[in-house]
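Worksheet: the structure to be examined is printed underneath.
For clarity, chains are labelled A, B, C and D in written order, and residue numbers in each chain start from 1.
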Amino acid sequence: MDGMHDLGGKEGFGPIAVTHEDPAFQADWEGRMYALSQTVGSSDMSIDWFRFLAELLPPEAYLSIPYFEKWCLVALTGFVNAGVFTEEEVLAGGGESEIAASAVQSVEAVLAAVKAGCTDFSRHYAREPAFAVGDEIVTQRHGVPGHTRLPSYARGCAGRITAYHGAHLFPDAVWQRIEVALPLYTVSFEARELWGPEAAGGDSVMLDLWEPYLLVR
Amino acid sequence: MDGMHDLGGKEGFGPIAVTHEDPAFQADWEGRMYALSQTVGSSDMSIDWFRFLAELLPPEAYLSIPYFEKWCLVALTGFVNAGVFTEEEVLAGGGESEIAASAVQSVEAVLAAVKAGCTDFSRHYAREPAFAVGDEIVTQRHGVPGHTRLPSYARGCAGRITAYHGAHLFPDAVWQRIEVALPLYTVSFEARELWGPEAAGGDSVMLDLWEPYLLVR
Amino acid sequence: MSQDDKRDRAKVAEIHRKLHSHLPPDPALRVKALESLAIERGFVARETLDAWVEAYSERIGPKRGARVVARAWIDPAYRARLLQNATEAIADFGFEGNATGHLKAVENSADLHNLVVCTLCSCYPFSLLGMSPGWYKSAAYRARAVREPRAVLAEFGVDLSAEVAVRVWDSTAELRYLVLPQRPAGTEGWDEERLAALVTRNAMIGTDRDLSAGGD
Amino acid sequence: MSQDDKRDRAKVAEIHRKLHSHLPPDPALRVKALESLAIERGFVARETLDAWVEAYSERIGPKRGARVVARAWIDPAYRARLLQNATEAIADFGFEGNATGHLKAVENSADLHNLVVCTLCSCYPFSLLGMSPGWYKSAAYRARAVREPRAVLAEFGVDLSAEVAVRVWDSTAELRYLVLPQRPAGTEGWDEERLAALVTRNAMIGTDRDLSAGGD
């Protein structure tokens, strides 16, 4: 989907608000939101559905609201869409009564949970990958309507495969709850191929791209 | 410039706020702004510099503020940039004292001025145009840093020339105060060439494109 | 690109950011600031601004375009001239002017529908159709009209069969487009004024298609 | 695309629009609504949320990555393992976890500089570097890092000569990247802890380059 999230290469943004050291969270609510995202999920949720939900935010909201507020809207909309909460419950802001107490995690338990969150997205792949390291490829020219991970700035561009990572879960399928794994490659693009002669010769952009995004050159 | 203004084909926008009849202006300030845009200019201004100034608005502002508010910021920034007003004067909101009275136009005089605003953007062109009606072309793949009028959705796309309009002032030059006229063509693109197989076969998009945007196919 | 400091992108963007973040957020106050400064400097008289607002509110508007369309329906020679050079043809009425110096008329037929947009700003034939509607200037219309014109048309109540091709005119140069809709059935013998009353603004942009003689 | 109604784009977009326009604008109140509902339903205990905040505020952060980098500087065998399979190498410290299941280390050299971004969201190796900085998640960084990395680096105070090539890693799949900066001169014989103190978070993202042994 050619949504507002696809920001790579877009021009007109101002200077970067450079910082060198930061607290983990800029505000309390950011910390709460991150904690909620790590603990409160529904069976309905995958990383790719989560990302697609963010991509489906109103474009002007996507561009203007803080990062963790996007996560909050994604969580709320995801729960409403899955039938876990109703819109009315969300808009009422939650009740006062704390009903069910779930087990409390200690900080040590959290650290263990973070470690256990080391997820392997690779899967066995019975076929041969279509490409090998060193192959020259060109990317697909067109976007697809759903969630996908080929940025628009790298569409219709020539590149070279520099690494093969086996088959990884394919986001274009996973968001639809179809678990398919396809070969994943790192592809190197010369900056001038992507941006034209204004770019510095010798600079490059590396992208990890799934096989269906690539065509033989 | 790959700015926020380049909206064609971007996805994620909601339904259109359909109307069938409307007052000329939705609010008084819209009418005032339009009237100002037609009467208050500086010698520094061209239609292309005006448009580029709008493209240089902060992207989140471009997406969220009303149309004629963009015109207002363009006018104010244009005047500040040209040294006509200072930032301080603008931020002070103008003084109270009406100093110089300029001649008053009647409604009839305005109607005559509107008519006189029938501008011819074509210019004599001593050379032969590079393309003829019926020619198959492909558009440039890359954007350019300045103001330009080849939308990004139509870059690197195959089309066919359906009309030649003589040489028109070239926006990519005019915004820089270089008056150059180059051949202008209407180019027809099949919808599937632009958007992929999801588009309806037989549908097309027509664009008026200057010669430097086009390559022989 | 020119290095002329008066055309410095970064400098302009910085002025934009400063003004946008420091001016009062109400657009009416922003325009008031511009108006006050312009009047103070003698660039324009307040009454002149009033006259422009009145001209576009009362005298210039889609009724102009509707008369042009009605005449083209009645008079084959005028229709031919309109399709040949619309800027000259609308000058018969004195409707030429702002943004219509290079006007093209594009004609609908039983198997073709034309739709006009400007994806890069919101170009519009002001002197012929007056001020553009809000939706024409919206990001949604600009983004969607070129990519999914049939879905956009459906939101306007226009359901096209697959047999009708859609031709979208993205008017990003100085050419402007007027859609010439099909004359509705049941209007045989009607005069120009009566026909003009049937022509909607949206039909001349292409977001309306089947005009009706009414009475049903 | 699936027609499954639970995966209906238009429906989701409509819920988004409704919630975004009707919820109080303050993000703190929005998160409070989610927290209240989640606790009410027994999905999580408030104290568990406190523990997650504490873990990421006090225990997980860029100091982890700095230790990994320092060890790679000291121990050539470790450096080789890190470049071969970073997920396994950071497990020596127990730093593997969220978003580091497929970690890659990319090494700077005298003529190569690596820079990491995620243009499509803001992917980041949380378990190794902690929470990402605000600028990493900003539209400006995401838009500009791939197109004009040298201008972005200059804003961070990194001025690269034309002889140094920039390699930007746009980490849009599940691979995450750790930049292995060059060891600063004047640190011969330093131990891991002392070296780790020199490694900045930004150097591990690639927005810092020339680390300093200090003292000048």
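The working rule: contacts are C-beta pairs under 8 Å (C-beta built on N, C-alpha and C of every residue); 3 or more make two chains touch, one makes a residue touch a chain.
Worth saying up front: this structure is predicted, and the values here are computed from it rather than measured.
Asker: Hey, how far apart are subunit C and subunit D in touch steps, shortest way?
Answerer: 2
Asker: Chains touching subunit B and subunit D alike, please list them.
Answerer: Touches both subunit B and subunit D: A.
Asker: Determine, using the mean of C-alpha atoms as each chain's centre, which chain is farthest from subunit D.
Answerer: Computed centres place C farthest from subunit D.
Asker: Where are there more C-beta contacts: A-C or A-D?
Answerer: The greater number of contacts lies at A-D.
Asker: Using Cα averages as centroids, what's the distance between subunit A and subunit C in whole Å?
Answerer: A distance of 40 Å separates the two centres.
Asker: Please report how many Å separate the Cα centroid of subunit B from that of subunit C, as a whole number.
Answerer: Inter-chain centre distance comes to 13 Å.
Asker: Between subunit A and subunit B, what distance separates the C-alpha centroids? Give it in angstrom.
Answerer: Going by mean C-alpha positions, subunit A sits 34 Å from subunit B.
Asker: Specify, in ascending order, the residues of subunit A that touch 2 or more different other chains.
Answerer: 1, 9-14, 56-60, 63, 144-145, 195
Asker: Identify all positions of subunit D at which a residue touches two or more other chains, and write them in rising order.
Answerer: Residue numbers touching two or more other chains: 13, 17, 139.
Asker: Write out all the pairs of touching chains, ordered by chain label.
Answerer: A-B, A-C, A-D, B-C, B-D
Asker: Which positions of subunit B touch subunit D when the two form their complex?
Answerer: Against subunit D, subunit B makes touches at 12, 14, 59-60.
Asker: Which bits of subunit A are touching subunit B when the two form their complex?
Answerer: 1-4, 9-14, 55-60, 62-64, 141-145, 156, 195-198
Asker: Mind pulling up the subunit D residues that touch subunit A in the complex?
Answerer: 1-2, 4, 6-7, 9, 11-13, 15-20, 22-24, 27-61, 87, 94, 96-102, 117, 119-122, 126-127, 130-131, 133-135, 137-144, 146-147, 149-150, 152, 155-157, 162, 165-175, 200-202, 207-208
Asker: Considering the complex alone, what residue numbers of subunit C touch subunit A?
Answerer: Residue list for subunit C touching subunit A: 13-14, 17, 139.
Asker: Can you list the subunit A residues touching subunit D in their complex?
Answerer: Interface residues on the subunit A side: 1, 5-11, 13-29, 31-36, 38-40, 44, 47, 49, 51, 53-54, 56-58, 61, 63, 65-69, 72-73, 75-77, 79-82, 84-85, 87, 89-91, 93-107, 109-111, 114-122, 144-146, 149, 151, 153, 165, 168-169, 171, 175-178, 184, 186, 191, 194-195, 199-200, 202-210.
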